[in-house]
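In the two assemblies presented below, subunit A is common to both, partnered first by subunit B and then by subunit C.
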Partner chain A sequence: MSIFMQLIVSGISVGMIYGVIAFGYQLTFATSKTLNFGQGEALMIGALVGLTTINVLIGQSLGTFTAYFLMLPVVLAFGALQGTVVEWLGVRQAIKTKSEAGWIMATIALGIIFKNVAENVWGRDALKFPSPLPEASLSFWGIRIQPMEIAIVIGALGMMLAVEFFNRRTIQGKAVVATASDRDAAGLMGINTSRVITFSYALSSMTAAFAGVLVAPVTLTGATMGAVLGLKAFAVAIIGGLSSGLGVVVGGLILGITETMTGYYVSTGYKDVPGLVLLLLVLSLRPSGLFGKTTIKKV
Partner chain B sequence: MLEVKNLVASYGKVQVLHDISLHVPEGKVVALIGSNGAGKTTTLRAISGMLIPESGSITLDGQSIGGLPSYEITRFGLAHSPEGRKVFPTQSVRDNLLLGAYPRLTGARERGDVEADIEHMYDLFPRLRERKDQLAGTLSGGEQQMLAMGRALMLRPRVLLLDEPSMGLAPRLVQEVFSIIARLKRDNITMLLVEQFAAAALEVADYGYVLENGRISVSGEAAMLKNDKAVRDAYLGGASSSH
Partner chain C sequence: MKIKLLATVAAVVMSGAAFAADPIKLGLTGPFTGGSSSMGVSMRDGVKLAVDEINKAGGVLGRQIVLVERDDEAKNELGVQISQELVNKENVVASLGFINTGVALASQRFFQEAEIPVMNNVATGSVISKQFSPPDHKANYIFRTSANDIIQSGMIAEEAVKRQGFKKPAILADSTNYGQLGRTDLTAALAKLNVTPVVAEKFNIGDTDMTAQLLRAKEAGADVILTYAIGPELAQIANGMAKLGWKVPMIGSWTLSMASFIDTAGPNGDGAMMPQTFIQVPSTPKRKAFIEAYQKAYNVDRIPSPVSAAQGYDSVYLLAAAIKQAGGTDGRKIREALENLNEKVEGVVTVYDKPFSATDHEAITDNIPVFGLVKGGRVVPAHPEDLEGDKALRVKKKS
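For the complex of A and B:
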């Protein structure tokens, strides 16, 4: 029983990372009906920029904890900039010309370019990311948990709640929601919808970069870290539904927990299989996702 | 005040508007009537920038707004309550009204007292006050129409474009909509009104334009159009036109 609980607890923090990246997919999909297929690379390059920044700060004889917090705004700003570049180079033209698939290739291509840049700047080896919290596990009723795993859950939920708060409480956030529901009508309100779309790309990559520095202390950092995370988060976005914030949290947890369960009870070699089976099931039985909304239009 | 000259607009390769010219003077209500597919909605869409016109000029208070994107046109004080209402279904009634004041809240237009204007909208449309925290998608068709009009008015517009405010409403609600338009007119709000109920539209309007296959066929004072035999036969359902 305690092993079972242990697997659930370990699955939760992995799942929250998937959830927060999937949340990033939703942000751009809501406003533009396009996705950044380089989302995993946004996470990776954010984590590497974070690594360099935190090492510079530690070199200034700051403590790891302080350095981590000072590094966050740099990483968030970098993520926002990176997302803006992706939107400008890869998505804007495709939206303007109403291209169905142009943005898919363009965002994949930009992702590959970011990966190559990372390999040249940071090398091909996985690097250790300094942990701001003690790495020794805490034990609760026999269940072991790393402090950083708790930080991941808090950080991921905090990021999503912050965006939700922005969307509901500020006029700029309301403009984002309006653009997501009806771009034409939002334009009539005086909202510059193409700027809103750029903004959602910036916010989406910022979320990914933040997820990168959240997960980096418990994994390793390197040019290849993004690809698998990006793909699994994409599965989570499909499982949870591209329109539901709750969906990505639940979808992320489902995937994270089934992975640790399969890894323990079946074989680590098969740990990616159940999530992908779930993805296929959802796609065939409920294509809008477990929590996907079917829009009701009153006439 | 709003001046449209020789407007030409197309959807793809199909030209829909041919050489439309019309004038909406300050403080007046102008009705644009015509059968389905005549180009009434397209005319409004071209004026508000939802559709980029091919040629012609559109000026508001002497400033050219033709060809600008709709978000920039709102800064000149042009509000458009579009066909199908297009309220934001996942946001509350109050948020929809706030979004109508977006240019005021973000410094693109003079701010004024936004909260007082929301209260004013609740006075004008009491149903909206009752439902102010409800999601707009849960409102009835009539309530959504009230919301769409209120949202457009939140701009404090120089001119208001109203597209088929009575569409799909029960007769009692149609009357209510027209009495609100009459009240807005008394408040000196300049309006360009597109309506299928031509008789009621000409009743409230000062001037009217009849659109036929994308061209203006007849225009003049509303009182005159109401008595024009051709207009009556085609759009007012014969002799009796009282509403």
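For the complex of A and C:
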């Protein structure tokens, strides 16, 4: 029993990481029906900027914990800036010309550029990120969990709640929701939809950068950390449904838990298979995702 | 001996002055950036150290050695391009390097076809030195100065089962060629000692959660974990064990000495053991001189990968001795000289007394490496008695 629970706990913490990245896909898809395929790279470069900042702060003889919190605003600002750049360079023109594939190539290309920049600035080694919380694991009824894993779950949920709150309770947030539900109508109502889309890209990369510094103490930081995580998160976004914030959280948990369960009860060699099978099943039975709203495209 | 050497040097210097002969061009390839760069850079620095020493002493045959350095980034396709460049454009006399088994296997055929000798000084895949063995090929131009995986897996099995008495090993290997070929070698080595691993688990490069693999090993009652993987994932294994509050010894291939494992696992990595051809300990005068020269030249205290640095350094001296014996830079003659080297070459790893023959291109035998142990961020000898007295210098067994 305790093994089963241990697997669930590990699955949740891995799944939460996937979910929080997938949340970024969902943000831009809602407003612009486009995705940033460089989401994994946004996470990676956010984590590396965070690493440099935190090391500078620790160099100023601050404690790791304080340094971590002082680093967060820098990383969030950097993420927002990075997302804005992606939207300006890669997506805006494609949306204007109603290009179906332009933004796909552009965001992939920007992702590769960010990765190369990171390789040149930070090198290609995996680097250790200082952990703000003790690294010794806690034990609850025989189930072991690292404090940082709890922080990932809390941080991810907190961030998603903050975004949801913003969307429902503030005037700018309502503009985002209006653009998401019908861009043309929102435009006619006087909402500057292109600015809303830019904003949603900034917000999306900001969540990715935050996710980066959240998971970095548990994983490792490096130019290649984004590739695998970005791909897994993409699968999560499809399983959960790209139009639902709740969907990506549940999708992340499903994928995380299936992975650890398969690893233990079937074979570690087939760890990734059930998640992908699930992805195919969802695509063939419910293409809009488990929690997605089915939209009928009127022609 | 000394007088003779001086005389040679003097003669060489004079002849050098007389002819101002062309330099001898050697290729030098390895990953100088990326995940295995700590090995590549240490190897390169070891090679450069040896080349500087030789050049200062007048070079080889009165000619200076010039290195043509290329970064293969551990990518097979880049290794292929570089090899073609070194062979066709740079016209190198011989080539040193290869850290990654995949790159070596993809690239060295260009040297073989052009009859240019290659000194593999770090890559460990068992097949590397046998890729072009006679009788299928007329002559083999691939030589090696590192401990191959059959030697390493044999040592790991021997250490775990015989020396430390573990009965239920679990194998954890990554899904690359390196990990999976190593797992096969390791299973075979254990079978020779009548031990079957309780589990053999797999993971991918970039995996961050090892809970499932470790729980399977734990539930199977494993008393030791044997690894075949590289630094970052090895660190995740050590950290994962600490997380689960389960600690059994880790014994694995020499990659457990990688800086990326030692630094990211921190205290969780202490106690990990691996075969090493060289440990940064001045156990012989030659080793002392090498360590001091390296520290002075590169201004570091800890050599990032001591094994790679030492093997790189030695590979240059072996090659230089062969070029001297061949009396020129003809690839075929250098190969023949390597296969029947008259001079005893005193290296850092060992004293090379006829290290190669026409059928044996491996300079290292299983009696040469010793076990290293991670302790406080460094690799130290696991069994200090292995390096005491006359056991410090281990030479190749005569076949």
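Please note the rule applied: the second predicted complex is superposed on the first by the 294 of 299 C-alpha atoms of A that agree within 3 Å, B and C clash if a C-alpha of one lies under 4 Å from a C-alpha of the other, contacts with A are read in each partner's own complex, and residues count from 1 in each chain.
FYI, a contact is a pair of C-beta atoms (placed from the backbone, for glycine too) under 8 Å apart; a residue touches a chain by one contact, two chains touch by 3 or more.
Predicted model only: the values in this text are computed from it and were never measured.
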Requested in this report: Considering only the touch criterion stated at the top, classify A:T260 as touching first (subunit B), second (subunit C), both, or neither.
Outcome: second
Query raised in the report: After superposition on the shared chain, which partner residues are touched by A:Q6: those of subunit B (first), subunit C (second), both, or neither?
Result: second
Query raised in the report: With the two structures laid over each other on chain A, which partner does A:E100 touch: subunit B (first), subunit C (second), both, or neither?
Result: neither
Query raised in the report: In the superposed model, does subunit B or subunit C contact more residues of subunit A?
Result: C
Report task. Report for A:V218: first if it touches subunit B alone, second if subunit C alone, otherwise both or neither. Result -> second
Query raised in the report: After lining up the shared chain so the two structures overlap, which partner does A:I171 touch, if you call subunit B first and subunit C second: first, second, both or neither?
Result: first
Query raised in the report: When the two structures are overlaid on chain A, which partner does A:G187 contact: first (subunit B), second (subunit C), both, or neither?
Result: first
Report summary line: subunit A contact set shared between subunit B and subunit C covers none
Query - Residue ranges of subunit B touching subunit A (in the complex, touch as defined) - result: 48-50, 69-71, 74-75, 79-80, 82, 84, 86-91, 95, 98-100, 102-103, 105-106, 108-109, 137, 139-141, 144, 151-152, 155, 168
**Report entry** List of subunit C residues in touch with subunit A within their complex
**Finding:** 33-35, 37-38, 175, 201-204, 206, 208-209, 211-213, 215-216, 219, 231-232, 235-236, 239, 242-245, 260, 263-264, 266
Query raised in the report: Considering the complex alone, what residue numbers of subunit A touch subunit B?
Result: 171-172, 174-175, 177-178, 181-182, 184-193, 295-299
Report task. Would you tell me which residues of subunit A are touching subunit C in their complex? Result -> 3, 6-7, 10, 13-14, 119, 123-128, 135-137, 139, 144-146, 215, 218-220, 222, 224-225, 227-228, 259-264, 267-269, 271-272
